[in-house]
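Next up, some structures in structure tokens.
Each of the next two complexes has chain A plus one other chain: chain B in the first, chain C in the second.
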Partner chain A sequence: MYRYFIKRILLIIPTMLGVIILVFTIMSITPGNPGRQILGSSAPQSAVDELNHEFGVDRPFFVRLGDYIWGIITRLDFGESWRTRQSVFVEINARFPVTLRLALMAIIGEVLIGVPLGIVAAVKQYSPADFISTVIAMMLGSVPGFWLGLMLMLVFGVQLSLLPTAGLSTPAHYVLPLMTLILPGASGLLKITRSTMLECIRQDYVRTARAKGAKEKSVIFNHALRNALLPIVTVCGINFAYMLGGSVVIENVFSIPGIGAILVDSINMKDIPQVMAITILFSFTFCLVMVFVDIAYSMLDPRVKAQYQAAGKRVKKVKSGEVAA
Partner chain B sequence: MPNELLKIENLEIVYKTDMETVHAVNGIDLSIHEQETLGLVGETGAGKTSTALAILRLLPDRTAKATGRILFQGEDIAAMSDEALRELRGGKISMIFQDPMTSLNPVISVGHQIAEALALHNTQNKTKEEIEARVEEILELVGIPANRKNDYPHQFSGGMKQRVVIAIALSCNPQLLIADEPTTALDVTIQAQVLAMMNELKERLKTSLLMITHDMGIIAQTCEKVGVMYAGEIIEYGSVEDLFEGKQHHPYTIGLFQSIPDIEHKKERLEQIDGLMPDPTNLPKGCKFHPRCKQCMPICREEAPGVYVEGEHRIKCHLFGGTSR
Partner chain C sequence: MNDTEKKLALRKKSRSQMIWRQFRKSRTAILGLCILTVFVLFAVFADVIEDFDTRAIATNQQARFEAPSLKNLFTENAHIFGTDEYGRDVFARIIHGARVSLSIGILATSCSAVIGGLLGAVAAFYGKKWDFIIMRCMDIISSIPSILLAMAVVAALGANLTNLLIALSFSSIATYARLVRSSVVTLVGQEFIEAARACGASSFKIIVKHIIPNSLSPIICQMAFSSSGMILTAASMSYLGLGIQPPDPEWGSMLASAKTYIWSYPYLITIPGICIVLAALSITLIGDGLRDALDPKLKD
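What follows is the complex of A and B.
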């Protein structure tokens, strides 16, 4: 099975390569002139040309792309930001931890709120608790994040003056951005938990558990929930990975110095090395989270584990075949 | 005569949804004595499984409503506390479910699923090691090597899964075992093995058995008493001898026997009972079998038949007159 996961991790490399080529191409074919963006419209053309020459953007596209990829492979060199003239990691190191912290807190909040409410809604289907939580989840799930953020700001920040609305300097500053992240995420999780739990508690093996004399609690948690966990884990993984990608809108609304905000700025400034570095970081974390989701699957479901083992074995056979040939 | 273990009086089960009302079981009376095997035979939809589930109070409580009384050792099951009910389920009465493919929890090892039943009814304060030893013992008893206890259901064949289901049911030495079509999902060779095993275990553990099936052959092999169910009623009841050797039968029972191939007589075509089971949402007036009955009389369309009694043999049919209940 370890082979399978090693294979999965190695598969990240071609994925990343694809992402690099794609984003680099898009950044290159979109209109805009890096030198002009940085120096401003009043700068003389000669200065702009000189700067562009320094960045190397006057070279052909394939040369630049090849150069960039070669730099990463051989020297792990992601370049310098054209705006700050510092390594791209300076911005990332300053801002990624903020986003990471926010995403971690948000995913924990989502799970703590969404999953238990989803279980209650499923176990007590058609009860008032089910009805209320489903309706609220539907409302929160269909509201755009920036609108929810602005409304929360308006109510708690402006009208009630209870909470600060910009930055992340004190714990109180975290409340509104976290609510804006958690509420829609938790409602999505609630819905998926409810529907998979409903499916599972109708299964024959749940009846078998009851017929054994198991307590209702154990029937719900040990028998039904364990089977319902796969889709829940998937949704959690995807939500978390997206939040790691920086909730651009939320960061803008609440003026949070996160990674999403700097990405948008860099795109606007055509700061290609910075954009590339952040995008690579996003896709890398996304791939990594998905591998963890896969590992979680294999721990939760022995059937999935067996599949992974079989997949690992197949690799082994092919390899030994190659050696023999 | 041995003591009466289970007594069902005038059991009625109605499934009510917004769309329709299904009359699954319509007033049945049954009793099972200690170490006795009672067979319930009938077509799909006759109410056999509903009756079995009602004994363990496993009917879905939102839609199903059971009236009448079910007494186990003189105690009304409907009036039991949750705790007493849990003790009953799996401890005193256990059930073998119809479909072994779905009756086992796919994410829990079979050994653990058996151990769970043992731990729940651990009246002798067995230690963990003793429970594990018992799990191995019971697996060997049903013909599965003990070293497979850590395997998961997906690693077993259908017949082996059914054995595991049986092992769970037998693990706590129940006084009454309800077997709901335990061999329907199995092929004939495995069926014979499983039946032989159940017979042997029944002898050894002195368990009473309620055998639910639609196979007359299984009835003949395992049962002492038989109830023939049709449209939620027991239309004929008696000892196996009454049913297989007796002269007087309900026309439905005759139809059932005629539809079994007879090895001693050459026949071009088997007799069949024309038509289908009546729609349980709209049961016919009078005798519920009259639309399909070859000996239907005018009175059958109007009045529900009384019960004709001869010793233990009871037939619910106008042909034999009988006393109204």
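What follows is the complex of A and C.
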């Protein structure tokens, strides 16, 4: 059991190594050279060469890749930003908490709104409540986050003048960005909760529970919901990870000083080390969240737990068999 | 021989007819199809309806920020969706933008489906070493959030339409590889594949004739859903300035330039946004309908 988790956590290492190589390779296929792009076409060749030498991009690809990976493994060194000439973590450390806080608040909001509504929609299938929430969820699923943000801004900020539209200085400033992040995620969660709950409610064990006289509340929550939780948890995990990515756009709409704002700036200014560091950091967060989702599976579902245990035993058996042979 | 071919053709036709019959039953799917058809018609005949250079690109300082109106509907000065900050007709920009958005949706989805699908099929069919190598690469690609991966590609290659297409296709290859792999793995074990192999069919023939047709329906559904996602992502990227560059019309970049005028000219925000939503929604509705129509469990 624990062996499985440790294995799962250790598996992050090769994946992240792959991510680093992939991101580094993508960033190295830039047409032209970075020095020329930063200094512009009118700059003298000597200045461009000097800048390229300073950034170390005049060395062969594999040498740079090796250096980069070695730096990360030994010193957690992701290089220096080409724009500020400081470690990339200076900006990341200042901005990441803002993005993380928004994403955490948003995922909590999503669960609180999406799951209960999904349960209601499934339990009262074909009722007006089901119809309205499903239709709204479907519409929200097709709304791009940034436009939803702009529309909320237009209605609550501009037309009604109720809420501030830029920055994050007071609690009121959080309302619109959070709504923008929560609404699409909650609608996705509602859809998945509704469909899995509908499936579970039709199962024989739910009928059995009803037949033995269990209270309706207990049937819904203990029998149906408990079994429907796995897909819901998966979607929560994926939503959280995508929220980190999606917040890039939302932060831009609401002028929030989060990590998305520096990402876009860095892309526009060709600050390659900063872009790489942010992409790798987000991917790492994504991997971590997925591991948590896996661990949550086994806590929620004894069947999955049993599978892991069985898998562990099987490995042991095979090994002892080999020794015997 | 000729007879069997005829029979086969007949069966094929009846299969697609059956899907269409199922599809037609869903009113929402038909609604989606209607909306999408309108968009496609406007996009195809965009040049006939509104001239690209004079209406969608050329600036006209006298006609800035004209509110949407049905005035002068059939004259040269018709601005049913108003004009933007450079006096360009919003309707003209919308329909030329529809061209860009729809073709991004279709092209990026088909590129990623073909490449990802082939990789998945190879992984499942040849198994072992290839399977391990390809699927680990897919794991790596899918552990980078797709919009970030697309941004990284654009950051490396520069922002324009082609690079946006490459970025979007690349970032969703993994989904298709997984999907195709899982359906092929279940197929390869089945008897009719074994029978085909016993008859001496080559691997290529088995893949093309037996495996692809049998694993097509989940891929078609996924393509419908992901092309609406592609349209949304493309709009977001253009909004951030990482996609189509101004002055070329694109819904996302129209919204980006309109954000400055949100206080005074809100129609510049609402109209392109509604178009994005309708386009994405219509494709999602069609996808829902297709999923139900292609589901073998619902076949009567």
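Going forward, the second predicted complex is superposed on the first by the 296 of 325 C-alpha atoms of A that agree within 3 Å, B and C clash if a C-alpha of one lies under 4 Å from a C-alpha of the other, contacts with A are read in each partner's own complex, and residues count from 1 in each chain.
Simple rule for what comes next: a contact is a pair of C-beta atoms (placed from the backbone, for glycine too) under 8 Å apart; a residue touches a chain by one contact, two chains touch by 3 or more.
What you are looking at is a predicted structure, and each value in this text was computed from that prediction instead of being measured.
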Superposed partners chain B and chain C on chain A - clash or fit: fit
Touching partner for A:Asp204 - first (chain B), second (chain C), both, neither: first
Partner chain(s) touched by A:Ile267 [first = chain B, second = chain C, both, neither]: second
Contacts of A:Ser87 with chain B and chain C, given as first, second, both or neither: neither
Chain B versus chain C as contact partner of A:Lys215, first or second or both or neither: first
Once both complexes are placed on the shared chain, angle at chain A toward chain B and chain C, C-alpha, multiple of 10 degrees: 80
Chain C versus chain B, contacts on chain A by residue: C
Contacts of A:Val249 with chain B and chain C, given as first, second, both or neither: second
Touching partner for A:Gly141 - first (chain B), second (chain C), both, neither: second
Contacts of A:Thr234 with chain B and chain C, given as first, second, both or neither: neither
After fitting on chain A: smallest Cα gap, chain B-chain C, Å: 13
On chain A, positions contacted by chain B and by chain C: none
Chain B to chain A touching residues, read off their complex: 56, 58, 62, 82, 85-91, 94-95, 97, 99, 102-109, 116-117, 120-121, 152, 154-155, 165, 168
Touching residues on chain C, where the partner in the complex is chain A: 136-137, 139-141, 143-149, 151-158, 228, 232, 235-236, 239-242, 252, 255, 259, 262-263, 266, 269-270, 273, 276-277, 280-281, 284
Of all residues in chain A, those that touch chain C in their complex: 14-15, 18-19, 22-23, 26-31, 138-139, 141-147, 150-151, 153-154, 158-159, 241-242, 244-246, 248-249, 252-253, 263-264, 266-268, 270, 272, 275-276, 278-279, 282-283, 286-287, 290
Residues of chain A that touch chain B when the two form their complex: 125-126, 203-205, 207-216, 222-223, 226-227, 300-303, 306
